[in-house]
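Once you scroll down, you'll see the structures, which are given as structure tokens.
Heads up, the next two complexes both have chain A, just with different partners, chain B and then chain C.
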Partner chain A sequence: MTAQTVQQGDLVTVIGLEVHVQLETDTKIFCGCATEQTDEPNENVCPVCLGLPGALPVLNEAAVEAAVKIGKAIDADIPEETRFHRKNYYYPDLPKNFQITQYDEPICADGELEVAVEGERRTVAIERAHLEEDPGSLQHVGGGGGIDSAEYTLVDYNRAGTPLMEIVTAPDFRSPAEVRAFLAELEEVLEYLGVFDAERDGSLRIDANLSIIPEEEIDGDDTDEIGMDALEAANRTEVKNISSHKGAEKALAYEETRQKNAIQRGRAVEQETRHWDESRGITVSMRSKEEEKDYRYFEEADLPPLRVSGWKDEISIPELPSARRERFQAEYGLSEEAASKLTSTKQVADFYEDVAGEFDPDLAATWVADNLLGELNYRDMEITDIAGRLEEVSRLVELVAEDEITAKNARETVLRSMLDDGAAPDEIVEQEGLGKTGEDEVQQAVVEAIDENPDAVDDYESGDDGAINFLVGQVMQKTGGSADPGDVNQLLRAELE
Partner chain B sequence: MSENIYITEERIEGADDGPLSGTTVAVKDNISTEGVRTTCGSEMLAEYVPPYDATVVSRLKEAGATIVGKANMDEFGMGTTNETSHFGSVDNPAAPGRVPGGSSGGSAAAVAAGEADVALGSDTGGSVRCPAAFCGVVGIKPTYGLVSRYGLVAYANSLEQIGPFGETVEDAAQLLDVIAGDDDRDATTRETPLEEGETYADAATGDVDGLQIGVPTELLEGADEGVVETFWDAIAELEDRGAEYHEVSLPSVEHAVEAYYVIAMSEASSNLARFDGVRYGHSADAEGNWNETFARTREEGFGDEVKRRILLGTYALSAGYHDKYYKKAQDARAWVKQDFDEALSEADVLASPTMPVPPFELGESLDDPLQMYLADANTVPVNLADLPAISVPAGETDGLPVGLQLVGPAFGERRLIRAASALA
Partner chain C sequence: MSDDAVSPEEVRHVAGLARVDLDDDEVDRFARQFADILEYFETLDEVPEVDREADLTNVMRPDEERDSLDREAALENASKAEDGYFKGPNVS
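So, the complex of A and B:
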């Protein structure tokens, strides 16, 4: 170790995010082309999104509406008027060689999002969120397959003009785990708002800026209190090509370690852009000379300013995850953990409310949060994968609630078989003979067990309470496991009195 | 046809019936025509065939017009003489050996030569009015937003409008009736202010009784003597018919030419960025990465004047210069607007020579871009202010046509048409 060695404890990680979210609208942001994904390249295109000479953009107000919803959800300021600018740069995926975006009058400014990190609530400041058009996509073919090594590059403009919202946070994150929690919460909020489809390829793209600075530059968690000079002085890396909250945590953990190692060894951290290679689990330098890009922003005169002052009041948004979580605790008496699980996606929460409306909310919570989500998770499935079969899950809960089958059989046999074989619950109960055995039959088995096991009865009578368990087992065997063990225990004791 | 009026001669027939049925129209070659090449006077687009019609072309077709050709023009509209065209200059039918004016030189020449009954041009800083004046025909620059730009290949999109040419004011107004009005494909357009049953053409009554004409003194300064004389003759003719004139002032127009060129070139640097050879147009046969291919394509495809304006515009928008040039030009634009508002509060229309000089001889101005830019002094302030204007023949000086420009309030085209129709 050299004299320049710095202790890890003296260093703090500072991360800020730029999150690009594709907004779910039927048509593109400046033309009437469908946003739907297709396999055929350059199918959903027209003179406008191809940037043909003479074509003009016309703003799709559905995209602005979606942006205002996001603004409300993050408690941002919506201006009186919003306008668009041109960001000028040359790239083959950019049909006009400028991108229509927003500059000094974004649709949302000064918002925030509260997020739970390891049980603690944190508020992340969102500096701005603005609308822009997505470029097309490139496919590098032949040669080394990379941007610099391919033989040629194909361009697909299907994606060009898809509405994007760029959400820019303050440098409020102190760890990759915080970033992950924030992004998970953000995704949840966007899905609740119905403006985002997580299933869509490339619907979420994250650029993260990460710097390591000395701890004394930070007082508490407030951004304003970070020595901004220190942040400027510390070389930061911009990590690109992150596409999920899990990926973000991995990429930033890698980058954090890489930078800390460099500093510990007394090496300078380069200010550069790095590419997250998901498959290799590392970040790679993009090797491009980092010069301050000059985008020559100026107003897009083809789009007159849009008055949006009244929109915030006119547009309503659904109850958001955080509010719903609190209501679940208050209304259904759930623990915070259960409430969190049950509001993790809108579909889960909606389903829980359906079930809790018909049966006992506690039973519903166990069934949805533990049994259903547990079994789905085990199979790498989401609730959306069984969207058409939620009625059947309700029916299964009903069978348990009405005491028709045991909870154990319901979960271990019926639910698993539903998920694995696709059968309906009543069918499985019938086939497997899981219907709870009639009381007479259980009573008869109890009598038989006592008659056939005099030794165990003796033990019980001489004070060995454990012997009752042996007898319960015998009864369960006789009833093929369909009796309720608690009930059997009671019946045995009554019979032996 | 020796004048080299058309870049592409092709008949496009419109609907069987309509207000323009039997009328032939020349269309400037920066207005997209489906299936017919639209070159913008540039090598870059020499082979470009648009897959769609500009809104004004659709409206011409619906109105029954017959398009007879795509008219020559300065490359991408960048010129005052039509000499920057990749397809050669146009001879002025009204003054042989002289330029027809630009950038819509072919359109004005088509009407002057009788090659078309009417024509469409586009006016970014005078590109309809200048050739109208030089060729002795009528040209209208509509209020920004009156005519759809959808399909007009952009040069400076905050400044330009498509406008009509005719031999008479009524002819040009008839064409305006067909092309004016809002369009879902151009967010900057709005409905015409016409009342039920009213048209632009029926405003061409020649009635100027009681018309108050303001003459901005700044727009006479430095103008050619013969041009000024012809101008006053035309004012006298209007007076004879009952109009009155008084002098007004537009103090900020002294900055207009500079402001105009900064804004136009800045916008051009962005609007013309799309010509990179990837999707359409000229594509260089270059090896190497795409940046090199883009550069070669643009080096080969654009002419000198276009390159000059793209470079200057890029510079004006650059970090460190943006405030000094682009922002300052926007401020000047606001002052010019304000001056016009004030002057028009004291007058119904403002009058000036359209061009401070008679048509240049062919080749005369090519070497001196600055002289060419200054010739736009009377026309560019109108584009900065988004206002409507008309150029109408005022007479001749030494046998060369002189145009009179009338400027009106926003969407006041009927007033301009009524006043100008007293002269042609």
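So, the complex of A and C:
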């Protein structure tokens, strides 16, 4: 079938990913410079990460541990021996003119990650994951700021040498939505492992290969079942510069439509590298770079090989989000939606389990998933922003569990004031007089309401049951909303007997 | 090894990857020099086999911060710098 005769309905999108993840270590992968982000350029640099002649790299143990954890989480093989290579290319973000990476002996091979896409479970094969160093960062200055028109380049090597894990998937994705779901799941897993900080600028960077092939070449979702000839025959584009899972979905949806339109109009899709321009929402063609062979990979003789397959048994990893989601449903009787929310980050899940252990799991779910996350989200905050105040949130749930304040007051007044003013729950309850009103006080308010509203009493006694609601309202007003409306209703009826 | 072990095209390709501009005379000169260098390597074939030292493995350092260079020192050898950055030409 030639491109010209293919109709849009007969086409399938095939996507594979290369995901670059910055590992969360204190120091760089080959030197002791801090990885901390600073506003000042070239502050965290030394002879090693500046590529000065004679400087020797020494591998950071924490980066290897992080790689092994990732390997365990994606159920990959950690080969007996793994080593580093030099990838040669000449660009100012790379002061040595080569990048230390792993070529044909990566630290992780043949893994997989299961992901739910619109309720359906999909297993994405991960071909390999390897360690490498991040390049520095460039600023193109003058001439409007574009790469092509810039007058000159400013180079900052603070980022150079930050440990990266490059995770390469099989071409297992059939839609941009699947890519987004996979990346969200991957981010969750990495955060659970404590090897990744999603909040950090540039901590996740994605290159995606996208091709369009005739539908009959696909029998299932697995790579093996695609006609690999068809995949080879179809021209693919590599889309670079994607920096989030939302960005990935947008960039690939754009690229999918662009390629399908070209095919429908009988035009060939160029095999090329394209750059995702987030602000314009389009991909643009980049001048093609080196071919694989031009990188002239060879062994990095300054770094001896690693033999760390045994670390897989020595290093433990926490329960991963998908397992925890299932356990939350089974153990606490939560809905899938609530379990998903409550396992979205490890901090949220840990906190939920604390609260559920102390009080009722349902009450804890309402408080953590709905109230707390809802109010945090409204304020554009994360649970990590209140990491030191979780005891206070527990205390608030306790006040509700012990019936000392109403759920409504707890949520609408106390929680909001805790987040907005930084006050402690007991303080707020005291200040606002939210302590549930004693029975005597409610009883007194009931008597007063009856005395003060003879018309409503008459209406009630002549059979207008709705009049009781008016009286309940009066009592609630007198007690500042701290009485239980159901109780008030009962008390009024008893008093009017 | 014959004189055409390294062709002028290969020299131009490698020079291009290294962003080095060579004129025709230089290309010829480097082609000859590369051929010579490759020939030197052939000498290694004559080195008798000896027992190797045991291979090093797992040479690593703990994740502990060490002092970085002062920025002034870091930029000292740069031909151009601006506002704490290394400065270079447009690199599209």
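Assume the second predicted complex is superposed on the first by the 442 of 497 C-alpha atoms of A that agree within 3 Å, B and C clash if a C-alpha of one lies under 4 Å from a C-alpha of the other, contacts with A are read in each partner's own complex, and residues count from 1 in each chain.
We take it that contacts are C-beta pairs under 8 Å (C-beta built on N, C-alpha and C of every residue); 3 or more make two chains touch, one makes a residue touch a chain.
The shown structure was predicted, so the numbers you read here are calculated from the model rather than taken from an experiment.
A.B. asks: Fit or clash for chain B plus chain C once both are placed on chain A?
C.D. replies: After superposition on chain A, chain B vs chain C: clash.
A.B. asks: Now for A:Pro47: first (chain B), second (chain C), both, or neither, which partner does it touch?
C.D. replies: both
A.B. asks: For A:Ala62 in the superposed arrangement: first (chain B), second (chain C), both or neither?
C.D. replies: second
A.B. asks: Chain B or chain C: which reaches more residues on chain A?
C.D. replies: C
A.B. asks: Once chain A of both complexes is superposed, is A:Arg307 in touch with chain B (first), chain C (second), both, or neither?
C.D. replies: The second partner, chain C, only.
A.B. asks: Which partner does A:Asp294 contact after superposing on A: first (chain B), second (chain C), both, neither?
C.D. replies: Both partners, chain B and chain C.
A.B. asks: Classify the contacts of A:Thr27 with the two partner chains as first (chain B alone), second (chain C alone), both, or neither.
C.D. replies: After superposing on A, A:Thr27 lies in contact with chain C but is clear of chain B.
A.B. asks: Which partner chains sit in contact with A:Tyr90 here, chain B, chain C, both or neither? Use first/second/both/neither.
C.D. replies: Both: A:Tyr90 reaches chain B and chain C.
A.B. asks: Which of the two partners, first being chain B and second being chain C, lies in contact with A:Gln139: first, second, both, or neither?
C.D. replies: So A:Gln139 only meets chain C here.
A.B. asks: For A:Val155, using the defined touch cut-off, is the partner it touches chain B, chain C, both, or neither? Pick first, second, both or neither.
C.D. replies: Once the two structures are laid over each other on A, A:Val155 reaches both partners.
A.B. asks: Could you say whether A:Ala253 touches chain B, chain C, both of them, or neither, answering first, second, both or neither?
C.D. replies: A:Ala253: touches no partner chain.
A.B. asks: What is the shared patch of chain A, the residues that chain B and chain C both contact?
C.D. replies: 47, 50, 58-59, 88, 90, 92, 97, 148, 153, 155, 294, 303-304
A.B. asks: Quick one: in the complex, what on chain A touches chain C?
C.D. replies: 25-27, 31-34, 40-47, 50, 58-64, 81, 88-92, 97, 138-140, 143, 147-148, 150-157, 287, 290, 294, 303-308
A.B. asks: Any idea which chain C residues touch chain A in the complex?
C.D. replies: Chain C reaches chain A through residues 17-19, 55-69, 71, 74-75, 82-92.
A.B. asks: Mind listing the chain B positions that touch chain A in their complex?
C.D. replies: Contacts found on chain B: 30-32, 38, 40, 45, 48, 50-52, 54, 149-154, 157-158, 184-188, 266-267, 269-270, 273-276, 278-280, 289-291, 294, 314, 317-319, 322, 326.
A.B. asks: For chain A, which residues count as touching chain B in their complex?
C.D. replies: That would be residues 47, 50-59, 86, 88, 90, 92, 95-98, 148, 153, 155, 292, 294, 296, 298-299, 301-304 of chain A.
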